[in-house]
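Chain lettering (A, B and C) follows the sequence in which the chains are written, and residue indices restart at 1 in each chain.
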Amino acid sequence: MPKPSLDWLLVLVPVSIGLELAGANELLIFVTSAGAILPLAGLIGRSTEQLALYTGPRIGGLVNATFGNVTELIIAFFLILEDKTDIVKASLTGSILGNLLLVLGLSFLAGGLKHEEQSYNARSASIHATSLVLAVTALLMPALFAQSQEAETVLQREVVSGIVAAVLIALYILALVFTLVTHEHLFRTPEEGERPEWSRNKAIGLLLASTAVVALMAEFLVGSLEPAIEDLGLSELFVGLIVIPIIGNAAEHSSAILFAMRNKVDVTLEIAIGSSTQIALFVAPALVFISLLVGHPMDFIFSTFEVAAVGLSTILVFMISSDGRSNWLEGAQLTGAYVIMAISFYFVETL
Amino acid sequence: MPKPSLDWLLVLVPVSIGLELAGANELLIFVTSAGAILPLAGLIGRSTEQLALYTGPRIGGLVNATFGNVTELIIAFFLILEDKTDIVKASLTGSILGNLLLVLGLSFLAGGLKHEEQSYNARSASIHATSLVLAVTALLMPALFAQSQEAETVLQREVVSGIVAAVLIALYILALVFTLVTHEHLFRTPEEGERPEWSRNKAIGLLLASTAVVALMAEFLVGSLEPAIEDLGLSELFVGLIVIPIIGNAAEHSSAILFAMRNKVDVTLEIAIGSSTQIALFVAPALVFISLLVGHPMDFIFSTFEVAAVGLSTILVFMISSDGRSNWLEGAQLTGAYVIMAISFYFVETL
Amino acid sequence: MPKPSLDWLLVLVPVSIGLELAGANELLIFVTSAGAILPLAGLIGRSTEQLALYTGPRIGGLVNATFGNVTELIIAFFLILEDKTDIVKASLTGSILGNLLLVLGLSFLAGGLKHEEQSYNARSASIHATSLVLAVTALLMPALFAQSQEAETVLQREVVSGIVAAVLIALYILALVFTLVTHEHLFRTPEEGERPEWSRNKAIGLLLASTAVVALMAEFLVGSLEPAIEDLGLSELFVGLIVIPIIGNAAEHSSAILFAMRNKVDVTLEIAIGSSTQIALFVAPALVFISLLVGHPMDFIFSTFEVAAVGLSTILVFMISSDGRSNWLEGAQLTGAYVIMAISFYFVETL
């Protein structure tokens, strides 16, 4: 498996710790901790996969569903502690867009250049698309509520946010029950007799260790964020929408593209669209409750700009994936949509 | 047929008349007249069905298409006489949302818990979905017109509303011609040799009588609306969007769910989605003209909030129904979307 | 082929030249030059078709893709020289709406009245629909950018517009490569051994001549636009959205309807939807660059109204065409949507 490894970037873990202890330039700390997160997120992914081979598909699916976006969750957690809820929301939106458009787009493009046409389970794609429309509903309705009211109270915002978040988490769990329990046979992929490369204990150990180090790196990253982006001349929102999601998802991105090139587009879809629905229906709502627990409340009210971007991406992915086939043009179209969104966000200072 | 009967609620008809005559507390009148409407709307539905068995499917379809939402129409009529056009519009929106999300959702859920997967005529669902997108177009364009103009005159609003309403009614009639005349064979459901239980005259008599009593109850309901909702601490809009549609549709709701449990999802869809398109393309535009006739003009300009809710519901139903299959998860998702919308509407005071 | 010919309208070419030279009433010049464009646009279309028969399908497709909307391009060019960029944008929007709703609607209607059901290549329709969603993305994101910023600079608008336009043109070219080169076999229509009626030189000569005369007429049209619409009592935007697109597309319109009546709906779709994607992904972005070259910069930032109209039309066309079948009801529905939009635009003075 000639997979391009990012593991050499692990050297940045001690480097960034050293820089932090030495009180070095914040931009340096930002760049090195960001760089260190790339291979760590990859390690979390690989150890989750290995673990899944021991537990069987059902528990494995559950483990994936829980640990799949743990890096984003941790970064968001530290941002919430700093009351940077706008950046958290932007990074959630950016993660969804990045997965739906950039990852899926590059995967279809790379896969389509090697294979004339690739096919996959349209039904699975359709369930994810429906979940995404639910997410768009959950993003749009509270946003309209907040816009239509001149004097809605903070309490009202929190109640609306809390109930919407609870409904989304419930629907996320129900979708897991559907795909892993009651209708599991519809989604079963042919077993390939894949055997684990790591021992069970190694997988668990690496999962816990890399999660812990990611947490440390995320703290450095968030701590150096403000001075760093000032130096870089970027807006906070652009960093939230584009930069942080790429850091948190780079490992997944490369896996998704690799699977597409090996003509396993079902896995690609699971990574890209599955990750998006997970963020929209699980990570984002969970953060609403976590933020309350730690006393830095974040509501679930996104900007029109963000809702529109997620809405358009959802429609685009639905239309492209509803036939169960992909080709390079569809990849280019998704990637093009990402570029259009990125440039539109580039100059924006407030959403 | 162990159908749960609401007929015992008919006792509320004399009760509410008595309370009204006695000048009792308005909240009591509101609750009793609302309760009385539930079985009456059911009676209208049953007598329409019985009548249809005598007239054959074509005229029967027409009778259904005319009397299907007569309860909503009557309540809306009395609201218009009181110049409560905002509540009328909210109740139309709420009826569409309730049918598309709550009724269809609970039906798919109930049906899906008994049957692993249920199938239906995707083509029929698709025609309804197209009609709904037309309705969304007809809702959105005038709304944008009204928003973009700083000084549009009342006359302009009325002209736009009138023409849009006329186009919708024309398209509604054309869709009836299509499904009942020119392409009737595509929609023919297998005859089951069902024989009428009631005589023709009984059906006609009950239809007329229950319609008349509904009118009386609707008058009481509307008359007691304002003090009642003040007592209940609800906003007028919430009553329009959520409470009134549930009163007017409860009978249909229970039928739709029952048919889904009996694995007749085609009938469920006809009730739920068919009822929505009827309200959007026939009842709502008809009210524009009726309101002009009685000198209390209501325009066809809805709020962004309402248009967005109907638009999202349409997309959701289209995506879920385009494969001609349903399961419990899809039911839960539709119901979840309804809850998200209801909570977003709960605190809203003006749309 | 009893195709209704508009060629007799060519007599308006010398008439409008005479009127212009005589300094006649501007409304007369407007009407005669508009009338003269109708048969000229038809001539451009026919000579392109004839030329395509000599060059083979691949180059023919390219010629069509380039000359298909040359009339609109020329009219827009002269409008840009007069700094009437709002009318240009309105005419681009109107062209897309006219093709998607009015042309396709009337074609399905006319075809559906002769044939119970007509079928076509759903895949081709789906690629166009995806392109249209890309166009909607490209319209919406910059519009939201412009709305969300209080103080975006002209430079920022130009940069966003330029990059979005470049992405669209790139995607347009890639779609051509896909349909004409790498996946050409999917779109091959059965050859009918059609033989050219004109010689190659006649086709080239007529193409160049009619394009040149269209340019002259377009100049007259634009020059007389302002006084003419004042006389007619129409708003500039209505002329841009409804009148100019009908002038520029009348010839295509009649061809599309004719092909539908002859049961060649694939050609109809190619004309109607293909023309829309061409305007959205090629003509409109090209005008952004052309406008910069001639020193009258036009940005790519459309109004919410325009974006919503194009978005709704796209969804409607996607839903109607995704099954690869059409009938008269679908035609009526598309036409009805056009009427609803036209009336909503009628009273609007600024978008």
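The definition used in the following text is that contacts are C-beta pairs under 8 Å (C-beta built on N, C-alpha and C of every residue); 3 or more make two chains touch, one makes a residue touch a chain.
None of these values were measured; they are calculated from a predicted model.
Participant: For copies subunit A and subunit C, work out whether under half or over half of the interface numbers are shared, and give different or same accordingly.
Facilitator: Different, since under half the interface numbering is common to both chains.
Participant: Given that subunit A is a copy of subunit B, what angle of rotation, in degrees and a multiple of 5, matches their CA positions?
Facilitator: To map subunit A onto subunit B, rotate by about 120 degrees.
Participant: Cα centroid separation between subunit A and subunit C, in whole Å?
Facilitator: 40
Participant: On subunit A, where are the residues touching two or more other chains?
Facilitator: Each of 315, 322 in subunit A touches at least two other chains.
Participant: Mind listing the subunit B positions that touch subunit C in their complex?
Facilitator: 123, 126-127, 129-131, 133-134, 136-138, 140-142, 144-145, 148-149, 152, 156, 159-160, 163-164, 167-168, 170-171, 174-175, 178, 182-183, 315, 318, 322
Participant: Show me the residue ranges of subunit B that touch subunit A in the complex, using the header's touch definition.
Facilitator: For this pair, the touching residues of subunit B are 116-117, 303-305, 308-309, 312, 315-316, 319-320, 322-323, 327-330, 332-333, 336-337, 339-341, 343-351.
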